[in-house]
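Read through the structures below before going on.
In what follows, subunit A forms one complex with subunit B and a second complex with subunit C.
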Partner chain A sequence: MAAAANEPQSVILTINDIEIEVPRGELIVESVKRIGLEIPIFCYHSRMKPVGMCRMCLVDVGFKQPDGSVRMMPKPQAGCTLPADNNMVVYTDTEKVRRDRKGVLEFLLINHPLDCPICDRGGECPLQNNTIFYGPSTTRYVEIKRHLPKAFPLSKYVTLDLERCIQCGRCVRFTEEISGDSQLAFRFRGAMMQPSTFELTDFESRFSGNVIEICPVGALTSAEYRFRARPWDLQTKPSICLECSNGCNTWFDYRVASLVRINGRTNEAVNEEWTCDKGKFGQNYLNSPDRLTEVFVRDGDKLIESNWATAFQQVSVAFQSAGSKCAALVGGKASNEDIFMLKRLFTEAFGSNNLDHRWTRCLPKSDALYRVATSIADFENEPVIFVFGNNIAEEQPILFLRIRKAWFRNDAKVIVACPEACEADTFAHTSLRYRPGTEAVLLGAIHRAATGAGGVDIAEASSITGVGEEAIRRAADAMKSGFALAASRSLLDLRNGEHVVGALSNLTIACNSSEKYNLFATSANEEGARQIEFMPSAEGKNTREILEACASGEMKALWLLECDPLSLSHDNELVTKALETVEFLVVQNHIKSECVQFASVLLPACAFSEKDGTYTNLERRVQRIKPIIAAKGSAKPAWKSFGELLLRMKGDPPPFHAHEVMQLIAASHQKFQSAIYENLEGEGVVIPANQSTEPQAVDVEYTAMEVPSNTP
Partner chain B sequence: MPETRLLLKHSGDAAYRSIQGYMDKGGYAGLKKALSMDRQAVIDEIKASGLRGRGGAGFPTWIKWNGIEKEKTKPHYILCNADEGEPGTFKDKELMENTPHLMIEGMIIAGWATQGDVGYVYIRGEFVDCARAVKKAIDEAYEAGFLGKNIQGTGWNFDMYVHLGAGSYECGEESALMSSLMGERGMPRLKFPHAPLPTVAGLWDCPTVINNVETYACAPYILVNGGEWYATLGASTKNSRGTKIFSVSGHVNRPGNYEIEFGTTLAELLEMAGGMKGGTLKACVPGGSSVPILNAEQTMNAVIGYEEMVDAGSMVGSGGCMFLNEHTCIVTFIWRTALFYARESCGKCTPCREGTAWMEQILDRIRKGGGRMEDIELLKEICSQIDGRSFCGLGDAAAWPVAGALKVFPEEFEYFIRHGHSIVDGPEYRRMAPEPLTPAKV
Partner chain C sequence: MDVIQISDLRGRPRAPRPEEVNLNFSEKAVRELEQLLNHYPDKKSAILPCLWIAQREYGGYLPSEAIAEVALRLDRSYAEIEGVATFYTMYHVGHPTGKHLIEVCTCLSCHLCGAYRLADHIKSKLGIDWGETTPDGMFTIEEVECLDACDRAPVLQISDQYYGPVDDKTVDAILEKLKSETSPSTVRLADEIVQAQLHKRDQEKVSGN
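Right after this comes the complex of A and B.
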């Protein structure tokens, strides 16, 4: 119920004879928690609208009358849908309530298959738990149970056991309210009601794994994990997903030293409790036969298995003789510790400043263009959000969920500009579908429409970009008094990327939103590498220059840490030439990549589940990973190998623990001081942004780029 | 008391279906009068009439109309519940086919009183003829200037549409009806105090009046003759005013719709319908399949009125009155009723979804000769676990007939269970059983 503006914001009610004050409109199911009580639930989920379907949460409710007596409502009420109000009297544990709970559980169990001994959910099942505490001990049901398909494949990832389903609607509501893809719905009615996709098509979603976790029974199962383990046989440890730059928190369930499944772990600031399917189902590489587990060194055209000592020997000779003509490149999955120690190795032992972590075509010098000002959680409360460039649901799926939530919960206006159809269009205030290559023109037109000056002519822009004038004006109108920008650094892959990003920056400045400018990293620790400044200083070479120098033979030795330039770079011809030509190539990775064929030395690295360390996500949140399973073969954490090399070459005592590396990082980069390991339990720590001066408008060419005609 | 034909007065007159015939008999005078009155005065007139909802719950109509915000901020909707799904009830069908303008005029009056913008008539999917008749009448009303822009020069605009359902009993439940109308699955929505009343946030979260066909059809008479006059009808009852149409069916000589003044007795209603056919009276379900069953004695003593019928052990409901003769097997009758509810449960909430199906299974087993004595207690318990625990009224409506029959006719159940066949084995009983019974032990 909407509270009138002048009503007080809190109410006083009595629960089990205890008087408490709660915010007006709080649901009773939440209020009872304040006095340490719990109401059993199935369909209620605090992140979704309450529906009152399962009736598990029935409580007795009455109202205090002016004469002091209490008038109880004749029917029990669902605690999950009832908003707290003044004078309300609630009983959660009367004889009547206990009987109602027994009744609901009896109903739920009559058709439940009770195949608990082989059910994935057994041992962590809300239906089992509620039955133990509130249910009947026997059944009075002697009829034939309902029989339905027990392994209905909803998709490649999700298998539905229709007999176990208790029709709570959580899965259906998830796809309607949270992921927004509305893939699931109920079909049929009454006792035959079943969750299903429309027309039995595939359950196509980026977020399908979450329904497995929120299903209160073992009805929705992971096709892969099904029947593979009993929950109590699994061990679990907290971890972080490295599939994109969001840094979702996960539970890593393992058994006999191998990963069995990944579940979402609650971190309100980052992923709430969700994961995307890449994060939940995409970690199989950990157990893959393609893992790099031993040291190899080159012998003619063969790589032969070797050991760390030999490799170190060859590496130190090669790099020392290369003098400053050596370089290092890192990919997105190297930890802060790895990156920092590699930087030390290069600057202190090799005397080289040719370091980079950036793989985009354009590499703007201005740090301000890379800034990130808005936190993931803050997006929820932004009234106007401008999603520009790529399909954000694909690039940062969980950030996409927050932005969708801003619209779903808080009616945010979301302006979506993307060259192709994307999920964010479904809730966009305005969708601007521009022709690829016309990014800068579109931004120029919005600029003009929002400020009446600068940018480019709107009519002209409309014909170039293919976006209607009216749409441009509508978007500009919504944005002109301020907006938060959500764009990613993959824009810098455009040939005029620097201009596009500059145009974005100019637009935020013109709309008084420069403190809401965000150009997000795209890979797990890209932001970390930036904060540790794994970049060339004045005299050093950047990624492109390094590759060119390798290709020309000028650069003698190259170190690749957790990266595959063939998949990261836009210029494969140059990469191939560089890798072929460079005299000495170190490839240090947790998994074999294509560039292995060019390597002089192959060094096995630990994957995220095997090492200690930290990662910095797109909002500069430093989060900890811990070793969960043993390293494979001779693999070691990369940072450790750099320490050992430093010892060998310079006699510096190496750090023994990752937290010592973090102390070193903090000592040389002040902003990391809050990120020492003791502070990283819980939600992690957001390190401060670089102190940059007030962002200045930059010169931008608001022109279109020629794009190859085969681009859609 | 004899029949008091008000709404059905001209039901037999084919000309009355057209707007001309309707106006010849004084149609749209009520609306014209309303339009000349202050909006609040119209609501006061309805209040004075004592009109209560004819859809089943008997809620005072004026309270709904008065609950619509007076300072208008959003569109206001006038919704007519013409889903008439309750087994035994067929009064709205006759009203829509034979006197469509009566209902439409009532809706326009409600629209005027509440500053309505759009009216929807949600008609049961099977009632194609009704939809045609109502659609034709709406077109006529547009032409005559009772619908559309600037109605009768008042500057007020009001539109009306017909919507055909897709065949679900639950879609007659007002909030499920709204879900269905909005294009969602026909499932009920949260109710007060869990959510705002429909008068505050109904259809598309806008203020909405929802009434039954018959309720709206009463409004023109109330406007023309005054609420006070209307309230003289049924004055002998505690709190039921006006007339009510009963759809009489079952073992009677002249089944059909009978309009009676409140205060009439069930015995008189039976007499109007030509008395019992094929045997003496055994039981009566007076208000549609959801209401508790009465035995002969209770039936003969019952006075029709919302409170009076509760005293008699049942309810007025929607007025679907079924008289059953001595050859009726109550067990089979109740099983068939339970089967209806099990099939029509929408599936949203646990007690109704599981409980209705379970009750049907038990009753089916009993009627096939496999009953156990403990089934009686079990059925009673299941009823009490559904009643008041389910999400919407369908669960209650499914439990009441079973609980009622177990209370009023326990011996029939005990006999069936003990002997494996009905207490009234005979041709009439066999005809009623929709599928071959397992051979009954004799």
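Right after this comes the complex of A and C.
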């Protein structure tokens, strides 16, 4: 503070004769928002560096002179590149400014085609809006406009209409600054300057959908959404993406009760405003003909359409006669409410504790290994980040963007250990490309290099892992005085997963970073299931044991909620055997999956857009979804069906609304107390971590493991 | 609602993967690039001189392999390098130029002194229009903005040589002379620029003293 004393952190300036105090260096375009004004813009985007390319944001600027007079600058200034300073006098709405804006818009429109009536952006187009508010009503340009390819398919998601481009550079800067793949650049110059990929090849990016949203005109449009609706025909509601564990906030745009498109919704704590392509374009299953909408029960080798009453009848008979020999498994898309009510059904009505939500090969008992301590937003300010395991851009795309931002904005040192080439390598301080199977050895070597003891010999490790000794030392050097770990639970799919994760934990403890240890969930509500403890207690069976017991005929009845074991499990042989053998199988899902063929009873569930509930993302942020479109056919929210079954079997009054279920959850799980529905508006609520005791170093075998090569 | 199929064109050919790109720089070029990289704080800064090396190595122009090679050697994206290369008119991106590039200035002074008439003469003599190359691959003719030699208008630039003032006769003589020259002047120009870049640092040191 003392050093900054002679350099005050805030400045005082006047905007439209109103005096305000703003942080030093804030851009005028941001400062004016503080007094409720807005400057029209095209190229400026608050999450990217200003470039001043479009000149739409012109303002009149002057400086107060010592004698009290104001000396105006002769030319207008671009508000998006001008930092606020003391004695500055800004006018955003003088005659001169209005005239200049008109001029800028007239120029921008010279080459812009007048195809608004057939343009996807029409109705939500910044160019349209700015022209209406600030533009000239006619043009003096009568010459021929520039002609360029229209509707060029840049990728399977993005269509480029070069004639409409106003050359603001937002899309180009997005790929440079935010997603980092630099897939787009401006080719040529002057009026012919065109954003494009290298020789118009495929726009390969995980985040390409965002450029559609930030383009201020209709130059970049969504290939899927093209011509399917006009913005004013759409209804839009807030929603959450369930494609991975990040829990991005989205706008769900729908029309005639079906999804038309997904857009990013701002949540500074989670996704800022970005989405990945998986989330933006991967939700078409909602309208798919494979949706499960009716109840089916088995009759011989056929499944016949039935109703809930019959199904409940059969289910209660079968599960009651199975006694404690029944089990339930859930997948990642079940909500907190669903999971809690299913657990209640099993523990209270069926007297069974065979419950699990984990599908990884290793299922360590220790809760400490599943810790998550750092929030997504906190990663931005971590000076050293260790990304370990599979490609993080693939598994946690939005977390990847934060980590990239930590490097881009704050010069974080990011150490990336991944068995294959990955996006994070492009900004890595050190890249450790190890041979698959040698995870534990690599961690052992870093451990030794960072602490001088424990772990394994560095030279030996280097020859086993294929990572150079120097790289290991360099990484260890950066990490030894503390780092934040970003790893995912898919590591537990390794055959020695428990040792690898143990090694990670030991390493964080050795580097005094155990409060920055993070082993992130991989599916939407995996963390929620963990917090609700949808796991076997002492005498219950875990996923593997359940499947084995089903296969051996010991387990009589199995309930699958929102999951397809055939795609989730690594041991399909066991799964097939289990599903074939188990006497009574309930499959409850929003969509038909392969395991439907084995089902005794098929129950339709609501998809996320059709129900009320909450999801817990990888940082334990509980976020609410609300029903947007009506349930299909006889589908109902899963939690509701469990409540009804409980009523039939035990006479318990069922909860009628999801918020009642949350109250029940909060009553039995203290940490959910802050997550009652009234608190969930806005950014959602992060629930506290388990009060686990100080993490202890665990015994780890720092050995490599043979990996069968997949190459044929 | 079904997805309405707008076009079957969806999906583009993909850019080459790094391992699919042939690196064609000669040993000399690689050495030059290494030396150049010492001049700058980061690889990005070396894009322009590296493109000159590539233009020399690839015979006076930049085919897409050249762009890809420069991108890989400097750890930039293909698109970024292509963007830089297409911005500047002295890089010839995509299509080969003739061995000798005739740049005719048609800016004001030259225009007044008959640049277009002169250009017409060259064009009809060679049988090509602006931007075209003679069938024997000898000449390309291009229109350029002020060459900053207005006192000698009308002016031609061929490689690093300025010719002016020129008339039909002198131009004919120049063309004849060039025909007998076997080494392409476009490549020579690229090489000269690379050499100048390589020595820039030393020159700066000298002039700084």
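Please note the rule applied: the second predicted complex is superposed on the first by the 702 of 712 C-alpha atoms of A that agree within 3 Å, B and C clash if a C-alpha of one lies under 4 Å from a C-alpha of the other, contacts with A are read in each partner's own complex, and residues count from 1 in each chain.
Just so we're on the same page, a residue touches a chain if its C-beta (ideal position, glycine included) is under 8 Å from a C-beta of that chain, and two chains touch if they have at least 3 such contacts.
Remember, predicted model here, so these are calculated numbers, not experimental data.
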| item | value |
| --- | --- |
| Fit or clash - subunit C, subunit B, common subunit A | clash |
| Contacts of A:R189 with subunit B and subunit C, given as first, second, both or neither | both |
| Contacts of A:A605 with subunit B and subunit C, given as first, second, both or neither | neither |
| Subunit B versus subunit C as contact partner of A:R55, first or second or both or neither | first |
| First, second, both or neither for A:P83, with subunit B first and subunit C second | first |
| Touching partner for A:F227 - first (subunit B), second (subunit C), both, neither | second |
| A:A151 touches, of subunit B and subunit C: first, second, both or neither? | second |
| First, second, both or neither for A:V416, with subunit B first and subunit C second | neither |
| Subunit B versus subunit C as contact partner of A:E143, first or second or both or neither | first |
| Footprint overlap on subunit A, comparing subunit B with subunit C | 185-186, 188-189 |
| Residue numbers on subunit C that touch subunit A, as the complex places them | 1, 3-4, 6-7, 9-15, 64, 67-68, 76-80, 82-83, 86-87 |
| Contact set on subunit A toward subunit C in their complex | 151, 153-156, 159, 176, 181-189, 196-204, 223-224, 226-228, 255-256, 258, 260, 284, 287 |
| Residue ranges of subunit A in contact with subunit B within the complex | 1-2, 50-56, 58, 74-78, 81-83, 85, 100, 103-104, 106-108, 110-111, 140-141, 143-144, 166-167, 169, 185-186, 188-193 |
| Touch list for subunit B against partner subunit A, complex | 168, 170, 185, 190, 193-196, 342-351, 353-358, 361-362, 365, 378, 385, 388-391 |
